[in-house]
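These are the structures in question, set out in turn.
What follows is chain A paired twice: with chain B in the first complex and chain C in the second.
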Partner chain A sequence: MQFAKFVITRIIAYVLVIWIGITVVFFVPRFMPSDPVESMLGRIMTRGNYMEAEQVEAMRATLTQAFGLEGTLAEQYFGFFHRTFLTRDFGPSLSLFPTPVNEVIGRALPWTLGLLLSSTVIAWIVGNAIGLLAGYRSRWLSSRALEVIAIFVYPIPYYITALILIILFIHINPIFPLFFSIRGDPPSLEFISSVIYNSILPAASIVIVGFGWWVLSMKALSSSISEEDFVYFAKLKGAGEGRIMTAYVLRNAILPQVTVLALQIGTIFNGALITEILFGYPGLGTITYNAVLQADYNLLMGTISISIIAVASSTLIIDLLYPFFDPRIRQR
Partner chain B sequence: MRRTSPRLTVGLTIFAAFIILGVILPFFSPEDPRSWIRHPRNLPPSAEHLLGTTNLGQDTFWLLSYATQNSLFIGLFVAFFATLIGVFAGLAAGFLDGIPDRVITLLADVFIVVPSLPILILMSSLLQGRASLVLISIILILFNWPWPARQMRSIALSMRERQFVNTARFSGSSTLQILSEEILPHIFSWSMANFVNTVLVAIATESGLAVIGLSSLEEATLGTTIYWALQHQALLGRRWWWIGSPVVAIILLFIALFLISTGISSLSAERRGHGDA
Partner chain C sequence: MLRLRDLRCYYDTPRGVVQAVDGVSIDIQSNEVLGIAGESGCGKSTLLKVLYDYLQPPLRIVSGAYEADFPDGAGKVKTIGPGEIRQHWWEFISYIPQGSMSVLNPVIRIENQFFDAVPRDHPLKATGKTAIRERVAAYLKELELPVEVLKSYPHQLSGGMKQRVLVALGTFLHPQIVLADEPTTALDVVVQKGILLMLIELQQQMQNTLVVVSHDMGVHYQISDRLAIMYAGKLVEYGPTDAIFRNPAHPYTQMLIQSLPRVGDRSQRVGISGRPPSLVDPPTGCRFAARCPKVMDHCAHQEPVLLQIEPEHFVSCHLYGEQAS
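Showing the complex of A and B:
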């Protein structure tokens, strides 16, 4: 029963996160001191396009609809949810008219997922493996040196690491391309290699920072677990070093690391958005940014709602993986 | 009795340098560092202009000092209120139990998961670069109180069962008195570490928003300084001192804050090991 209860509480939390997140998105434009429709109209007009009076009216109607500002507040609120979850129709993109917002997001989402998934998984696995070794062998000089490096790397935000990588490897040593450009068609080798070539720096900036954190936290966890009685007993029992490290220390230390990963997804996502923008990587961050620059409100509302749903869903998935690491939940 | 940790010493020393740069030096600034074309443009570092000048004819050093002031303000403002709200919400949740506990825990969990940046981007795009630093700070407080709240709740749950709390309760103290006199000293050091960490997170988030030009464009922070440098092609023009000064400042500041925060935690852990609790 423990397992069923675990899954149900996680799913309730998931629904609530999305509900509150989307509610915040709904209310932000309504609490702004200026009318979002009028300020957007002003912005579109100042970009130099002359519009007839009817066109301005039509634009005003489109924007009012984009913000879901028609009808009473309650109607607007339910309409907003209906649109976000049932029809999932955010209308046409205003800057890439008449491409639907869903299509623009659909093209960007695999890029972001690919970048985040691969870099987070690499950082998590490698960071925890090294942290485990360093914690288990905490007296070794290399473990201490590693900790010092991790301390200096971890507090630096992604975009600063990204900027440093850009300065070092694009401007000073032009090893990587200045602009993100993909050659070839999806299944071909040329396509895959150019994707990897273009994604190395953005991924590296996320891996380096995440890596620092996982090393530090895993080292702290595993060095304290290594001093527990049951580890000492295992040593007396004659268990091999490798077995003690994996079956005794790792199995206990990995649990909080899974929980923390679930809690960090939002933060990692925040960082990845800016990293994408700095590198011109064609994911959610870059289209969100372009939507802001071009006052494409349909697209902006779409990407922000999808971001919240995507982050909440990833958190749920990691939470649901937790029983695989913790037999206490699984076996009851 | 009082032991120091080398981490804390290094961290505090670097942070003190930033306090001088961001709090004391701005009073001696010979000009408004934001104003354009006060000096020849793109000068390399010299005795007169310690970090050179920008493409807009600003003195990079005084600009950096001014930007540090604003970034520190955001960090301290957000950290103060987020820690205050978080500590009291968490303690309330831990001691009151029942419905208040459920509501507070739930809200905390939600705000930890919802990514703050998309919501900040939405807000500042509607304000078109006129989002005030205070408004941005308020949104950051909304997203930063849950961490201390979660921690405080679990401390409160374990404290509730300890002997000295019951002694105080039986001797007739009110809940508020127990909170402020018996429990706060115990959680003070954790709150300090969290406070310093929140300063870091708040400055990092605002700078992130600013680097892409979505913070206040009328003010200068460490992040907006990077934004203007990027906008004016400091990278292609190889004007490293311009883009480099805020980047190096952020790195040093964050390492200092991180050292202080972990230094406080390890110091208090050590003291607990030797001391009474």
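Showing the complex of A and C:
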């Protein structure tokens, strides 16, 4: 019963977050001083195509409809929700006309999610494992050495790390390709191996930049938990070192780390932008960047809406998983 | 059962060597309840750690001897010492900790915390978790504790229940020696009494040795057969509890007992002024000299020795015995 209540409140919060996010996405472009329809028309006109007044009007009407700018603000608002959630149709992309926005996003989203989710999770696992050893076994030389490496790597800005990797492994030692090239079709082994081959460098850059923080925070957590009475008592009970490290220290230290992971997964789309542009990776970051450059409002609204929904959903999933890590939440 | 001979156990710290247990000699018999009393920082808990053979840096045995009589199961008694005693944790010697609030891991079930206390080479370990669970459940039933606690997490139990669970944990393998470190601290008096009764009943049932460390003289009066008073790492007095309460010999013991409230006595209790000396650089002579109301000239530079003042009752104070001045 308690658990059902917990799930329901989380789901209400989830719906609320998405509603607020989408509302902001709806209003922000409408507060901009420029009219997207007029600027689009202006761009078409300056290309030198001569159009009749009627043609211009027809074009204006088509564009207004494509942008979802018909009717009053309230009608537009409901129309926008209708399109986002029910028909999931954001209209055609303007820069890649006439490809629908859905198709553009649908092609890019799996790449971004695959790269960022896996590299964020790898960084989390590696960082927490090293941090646990460094915190629990602080006298070991190897755990100290790994901690020093983490301290050195952690403050380096992301783009520096990424550029160093590009220079080292693409230009000096051309182990990895400069351009993203995929061979084969989705289910085949060739396809999978070429995806992994092309993704190693961008993934490595995210892992290298990300794991340092996990090492440092996990080290602080696990070394303070190692001082807790229940760990001391576990030693008096004669529990094995491995058992103490996992069931006593890790089980307690991992709780805040799960929370931070949920928050970080929420921000992976920010990271997508720089990573994808630097490595020429065909994900959501690259198309968002291009949409901004080319004033592709439909595509922009689509990518941002998808980001909001994806972020809120991943946070919800972690939130719902959290009780399985901490019995105090499960049975409150 | 347990023999300590002039045992010195020091902590190496950056501030210097802390002489937490300094020349303690005592025999702990089987089937007795021994109380160890003294104020905070006098070495009680360290002595218990040493008895339990939990010697981790910075704590080390500097000199002296510590031996235990270990029945090896074949009817013979072996003498074992530090390093060997820990091989028989929980089946031979067990430990009931202080602080029922935080010694249980908050995120794993109570039953799993029992599994961890079964020694690796104990026959129960081989029988698997279900067998251990049944054994523990049967034992809890014997103690009239609800079996459901095994499936619970620590936060679902009250402070008193947690302490009862810890007592059950300390006794479920029927050890020869049970060490209890402040078992009733931080509990209300009603629960305290319940825990003390439980400890005593178990001791009488199993006819084993119970060593209780407490700063609370009232607790010792209720449960101890013999009482040892520690001050600044030294044993200042020990003997039968009755004898000590009837005829406290050491001025420190006298003051500890005077500080207890009595029914009907409305006078103000007098505390002991001052604080125990630093164990990094303890004073020469009698360590209590600076706070002693009966201090004499030679107390400050001559160390008193343990003297027997009546049967089984020993005290280390210059007020007794021939005065060498």
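Just so it is clear, the second predicted complex is superposed on the first by the 286 of 332 C-alpha atoms of A that agree within 3 Å, B and C clash if a C-alpha of one lies under 4 Å from a C-alpha of the other, contacts with A are read in each partner's own complex, and residues count from 1 in each chain.
Basically, a residue touches a chain if its C-beta (ideal position, glycine included) is under 8 Å from a C-beta of that chain, and two chains touch if they have at least 3 such contacts.
In this text, all values refer to a predicted model and were calculated from it rather than measured experimentally.
Engineer: Should the pairing of chain B and chain C on chain A count as a clash or a fit in the superposition?
Structural biologist: With chain A as the common anchor, chain B and chain C both fit in the superposed model.
Engineer: For A:A312, is the partner it touches chain B (first), chain C (second), both, or none of the two (neither)?
Structural biologist: first
Engineer: If we overlay the two complexes on their shared chain A, which of chain B and chain C does A:S223 touch? Say first, second, both or neither.
Structural biologist: Once the two structures are laid over each other on A, A:S223 reaches no partner at all.
Engineer: Angle at the Cα centre of chain A spanned by the Cα centres of chain C and chain B: state it in steps of 10 degrees.
Structural biologist: So the C-alpha centres give an angle of 80 degrees.
Engineer: Go through the superposed model and pick first if A:V292 touches only chain B, second if only chain C, both, or neither.
Structural biologist: first
Engineer: According to the stated criteria, A:R251 is in contact with first (chain B), second (chain C), both, or neither; which is it?
Structural biologist: second
Engineer: Give the label of whichever partner, chain B or chain C, reaches more residues of chain A.
Structural biologist: After superposing on chain A, more of chain A is contacted by B.
Engineer: Report for A:A234: first if it touches chain B alone, second if chain C alone, otherwise both or neither.
Structural biologist: Touch partner of A:A234: chain C, not chain B.
Engineer: In the superposed arrangement, does A:S93 touch chain B (first), chain C (second), both or neither?
Structural biologist: neither
Engineer: For A:R328, using the defined touch cut-off, is the partner it touches chain B, chain C, both, or neither? Pick first, second, both or neither.
Structural biologist: second
Engineer: Between chain B and chain C, what is the shortest CA distance in the superposition, whole Å?
Structural biologist: Here the least C-alpha separation of chain B and chain C stands at 16 Å.
Engineer: Could you tell me which stretches of chain A are touched by chain B in one complex and by chain C in the other?
Structural biologist: Touching chain B and chain C on chain A: no residues.
Engineer: Mind pulling up the chain A residues that touch chain C in the complex?
Structural biologist: Per the stated touch rule, the residues are 228-230, 232-240, 243, 247-248, 251-252, 255, 325-328, 331.
Engineer: In the complex of these two chains, what residues of chain A are touching chain B?
Structural biologist: So the residues of chain A in touch with chain B come to 13, 16-17, 20-21, 24-25, 28-29, 32-34, 36, 39, 43, 151-152, 154-160, 163-164, 166-167, 171, 263, 265-267, 269-271, 273-274, 277-278, 288-289, 292, 300-301, 303-304, 307-308, 311-312, 315.
Engineer: Quick one: in the complex, what on chain B touches chain A?
Structural biologist: 106-107, 109-110, 112-119, 121-123, 125-128, 200, 204-205, 207-208, 211-212, 214, 226, 235-236, 238, 240, 243-244, 247, 250-251, 254-255, 257-259, 262
Engineer: Touching residues of chain C toward chain A in the complex: what are they?
Structural biologist: Within the complex, chain C contacts chain A at residues 52, 54, 56, 86, 89-90, 95, 97, 99, 102-109, 112-113, 116-117, 119-120, 153, 155-156, 169.
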